[in-house]
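Look at the two complexes coming up: chain A is in both, with chain B in one and chain C in the other.
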Partner chain A sequence: MNRLLIVDDSLVMRSRIARLCASGAVGGIEIAGQAANGLEAIEVARRITPDCVTMDLTMPEMDGEACIAELAGLLPEARILVVSALSDKATALRAIKKGAHGFVHKPFSDAQLAAALKELMQ
Partner chain B sequence: MSYRSLRPADIEVFSEAISHFFATATSDPAQVRSAYVIERGDPILWNDYNGVINVDGGFAGCVAFSAPRSLLSHVLLRMGEQDFTDEKHRDIVGEIANILSGRARRHFGEGLSISTPAAFCGRDNAVTPRARSTPYAIPFRWHGYDADLVVHLDVLA
Partner chain C sequence: MNSATGLLGKYRDLVIAIALFLVLDLGVLLFNFYASGRIEADTSKINASGELRMYSQQLAKALLTLAQELRDGMPIQTSQAQISESHANFRKALAELARRDGRDDAIAQWLSREALANEADLLRRIETYWQPLDGTVVPLLGKENPEAIDVEIAVTKVVARNIKLMQLANDLTQHLETEAVATAGRLRSIQITAILLALVNFAFIVFKFVRALRRSDRVAEVAHEETDEILATLREGLFLLNADGSIGSQRSLSLDNLFGRPVRTGERLSDTLAALVEPDTAAVAADYVELLFKDRIKAGLLDQLNPLSEVAVRGEGEDGRQRRHLSFAFDQVRKDNKVAALLVTVHDVSEQVRLRSELAGAEEQLRRDVDLLLAVLDRDPGLVAAFLVSAEEKIELMNADLQQVEPEASAYAGMIDRLFRHTHAIKGEAATLGFGTVAREAHAFEDRLVPLRRSGNISGKELIPLAVALSGLREQLERLRGVYDKASNFARPAQGLDPVLRQIERLTRHVAQDLDKQVRFEAVAAHLPVLPESLATLLREAVPQLVRNAVAHGIESAEERLRAGKPAEGRVRVEVERQAGDILAVSVWDDGRGICADSLRRQLVDSGRKSTEEAARMSERDLFALLFEPGFSTAATANPHAGRGVGLDVLRELVARLGARLKIATVPNSYTRFTLLVKA
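And now, the complex of A and B:
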């Protein structure tokens, strides 16, 4: 079972991702923790050592790009899926360079997110 | 630095973002209407909940999503929420503003630097105009509810 950390400053988005995973639509994944910004994500990640992470980019305290760079050093085995509203190519490429493994644009359908999470875990 | 006002093609980007959001996130399309100018002195936000994104970089101003509680409750329901607290309504109005602004970066590029959302209930004088040009409202209807995206932006010329 892959252990997922959900990082997003939106409570509604965190709940939506968690519900999708709990529904069995993804399979082989369990929610290990949640965080509302990059700093909190690093603290939680140290504690729970997730296998995979969904990462928002626009967040207070520490944004997603900085958090990805930190997590890539802290947990090099963890696979990171960016789930962000920022829709320009340059942002996606920069996130991948910093250590992300995939990118899903908001808004997303349940099917789009489930497919991206399955691909992330392969 | 000199800034220019929004052009019709710029405003169309935000209209498309509204259509894309509702079609993708709820599977039900919104009927987006023609944008109109908000007259000087009129409030730029007037609905129950408002989510405001301040914009920087080669831009100055804000993008605000202004919606009645009933529309937001329905969106939350479509996203699978089962409790409809004030906190959830403020969260989703800010998140929608964030998503619509983020999609505009396809057109404007990463120079459109967007803040985390500020969300609040009702009219609020704390929204200080940060752009000199005319604000536009893009009205739309979804499931019988009327709401607006307000775009008040100067673009670096």
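And now, the complex of A and C:
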């Protein structure tokens, strides 16, 4: 069972991802924790050591890019999926360079996110 | 396993030759060893054979001395010791000669069977002579007082046999020496042959090796040539990007064309891109290439993020040519599961980009046309037609203005003001009617006018781009006109003015055809569900006449129009509008030659109806009134539609009958408009 940490400043977005995972559409995944910004994400990740993370980029306190860099150092085994409305290639490449393993653009369909999560866990 | 077999298969001859060479070398070496042993053995035999002769002589001499000493009663110890020594040495030498080691083996047998037989024969004969002697001497050995008789017998035997023994030993020595020389010669021949064979073998190896090397060189060369040829003819740009970011030596020639300059081996791709694409793109591309070399990242993930999948070439397209677009594709080349290099393919995708943008443009245009059509259908057709007419008129005026060359800058300022007013009016009306495309284009044109209006100091040069910009607005209006015309073609229930106007249009076409003129008929009519009788009469009796006149007198021939800078096709327009105070206005307008007051004056003078002075004194109003007098015609020759001097006089009667009013507005070479006003 892969343990997932959901990082997004929008409660709606967090609930949507959580609901999708709970529905069994992805399989082999359970929600281990949620965080509303980068700082909180680091703190939660320290505590629960997730296997995978969905990461928003635009967030208060600490943004997603900085958080990815931190997490990559903290939990090198954790796989990070960027879920962001920023759709330009440069942003995605920067995130991957910092340690992200995949990305999904908002708005996304359930099928798109499920496929990206499956791909992430492979 | 396969490759090992293959290797042996490929180099089999070479391997066998080298093995043979080694065997030969080893054989020569072993044979040398054998030969040296053999020579040593031969030497020791020759020595032994010599000794045989010497000890035989010594024994004989010692026995004779012993016999003499016995006879003389002298001490015999010394001679007895000499007998023992020479007897022992003789036997030792004989034993040495009888030893067969190193001389009796297969090789020796093969080398010198006959010689060995002779040698054995000689030895046997020596033994035969020696045995009786040996038997006689042995009892004497060590005896303190040997019997004289025994010694005499021994002396007799030794004297009798010594000569023969010495002769036989001599023969043996000679035989051995001869044989040793012959054997050495034979051995040398064998050695030389073996060395020669080894040399031949070596030469064969060298030849074989060099040939194989040259063959593989040739194969490599051909492969290289083929690669070069492929790279030279490939239309795509192709190169290997090394892990250090440098461009490899093998690349397609077309790359130079695609990059617009020669590419050097070892040149860094980041430098190439810095000159080729916008700085932002080049920076993102550097990140991208760096990630492609990371083994942990899935290639599939990066495929979608390629910032160079379609990139515009920098600094192009300013000279009016289309800007080039390139597409870079990167494929990881893995060695031992590590990304060792990237195979980069470059395509020129300018054509695809152009087609796509054209398609997008066409789609956008279509969408706008549909929007326009919906807007047109949604509006009162009369209003749309009225807008079109007035806007087109304004465009014509503006265009005419822009063609003018004004002598003074201040005049340009006035012109800009006029252009601005017209544009603004078009914009306002278009916006009200929901014709966004026209309103936007008008707005854009206004934007161009604003700075000119402010600057105050305008030259004719600055108007040239305005004329071009104005064509954009004209184009949008033409589109609207096209959409409107198409929409008007939809059959609508015959009501109000439509049937009458259609009749007039048919008449216009008929007259134009008869007179071989190109005329476009336009009708702008207010919405009138019920046609008042007065208006119906005008449309039935007056308008056809006016339209006929417009085509016959107003509209020039196509050539004449073109000479005057007008479109070949003339326009005749009928407008029906409701004015304040229940007044209905019907007008017939044409963009023909207009009515020239001076030529009317000349006509009056030429026909003798007025003197030059009288004609000059007449006002325009009076002159135009003449048109309505019976028998007056401006046409030079009569035809079915003009020149008989009937027509407008009929109109005058009609106007009088209906209590209507008639107005004429005309500008020479521009237009004529007859307007009839009647109470509804």
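Quick note on the criterion: the second predicted complex is superposed on the first by the 122 of 122 C-alpha atoms of A that agree within 3 Å, B and C clash if a C-alpha of one lies under 4 Å from a C-alpha of the other, contacts with A are read in each partner's own complex, and residues count from 1 in each chain.
In this text, a residue touches a chain if its C-beta (ideal position, glycine included) is under 8 Å from a C-beta of that chain, and two chains touch if they have at least 3 such contacts.
As the structure is a prediction and not an experimental result, all values here were calculated from the model.
S.K.: Between chain B and chain C, positioned on chain A by superposition, is the outcome a clash or a fit?
M.R.: Fit: chain B and chain C sit side by side once superposed on chain A.
S.K.: Put chain A at the vertex: what angle do the Cα centres of chain B and chain C make there, to the nearest 10 degrees?
M.R.: The vertex angle at chain A equals 80 degrees.
S.K.: Between chain B (first) and chain C (second), which does A:58 come into contact with in this model arrangement: first, second, both, or neither?
M.R.: First partner only, chain B.
S.K.: Figure out whether A:101 sits in contact with chain B (first) or chain C (second), or with both, or with neither.
M.R.: In the superposition, A:101 touches chain C alone.
S.K.: So, A:92: does it touch chain B (first), chain C (second), both, or neither?
M.R.: second
S.K.: Taking the superposition as given, does A:84 touch the first partner, chain B, the second, chain C, both, or neither?
M.R.: first
S.K.: Look at the residues of chain A and decide whether chain B or chain C touches more of them.
M.R.: Touched residues of chain A are more numerous for B.
S.K.: Just to be sure I read the superposition right, which of the two partners does A:109 touch: chain B = first, chain C = second, or both, or neither?
M.R.: In the superposition, A:109 contacts chain B only.
S.K.: Kindly classify A:12 by the partners it touches after superposition: chain B alone (first), chain C alone (second), both, or neither?
M.R.: The first partner, chain B, only.
S.K.: Chain B and chain C, closest CA-CA distance after overlay, in Å?
M.R.: Nearest C-alpha atoms of the two chains are 9 Å apart.
S.K.: For chain A, give the residues common to its interface with chain B and its interface with chain C.
M.R.: Touching chain B and chain C on chain A: residues 90.
S.K.: Enumerate the contact residues on chain A facing chain C in the complex.
M.R.: Its residues touching chain C are 89-90, 92-94, 96-97, 101-103.
S.K.: Could you please specify the touching residues of chain B with respect to chain A in the complex?
M.R.: Per the stated touch rule, the residues are 20-21, 24-25, 27, 76, 79-81, 87-88, 91-92, 94-95, 98-99, 101-106, 109-110, 114-116.
S.K.: Looking at the complex, which residues from chain C come into contact with chain A?
M.R.: 280, 283-284, 287-288, 290-291, 297-298, 301-302, 305-307
S.K.: Quick check: in the complex, which residue numbers of chain A touch chain B?
M.R.: Going by the criterion above, the answer is residues 9-13, 15-16, 19, 58-60, 84-88, 90-91, 105-109.
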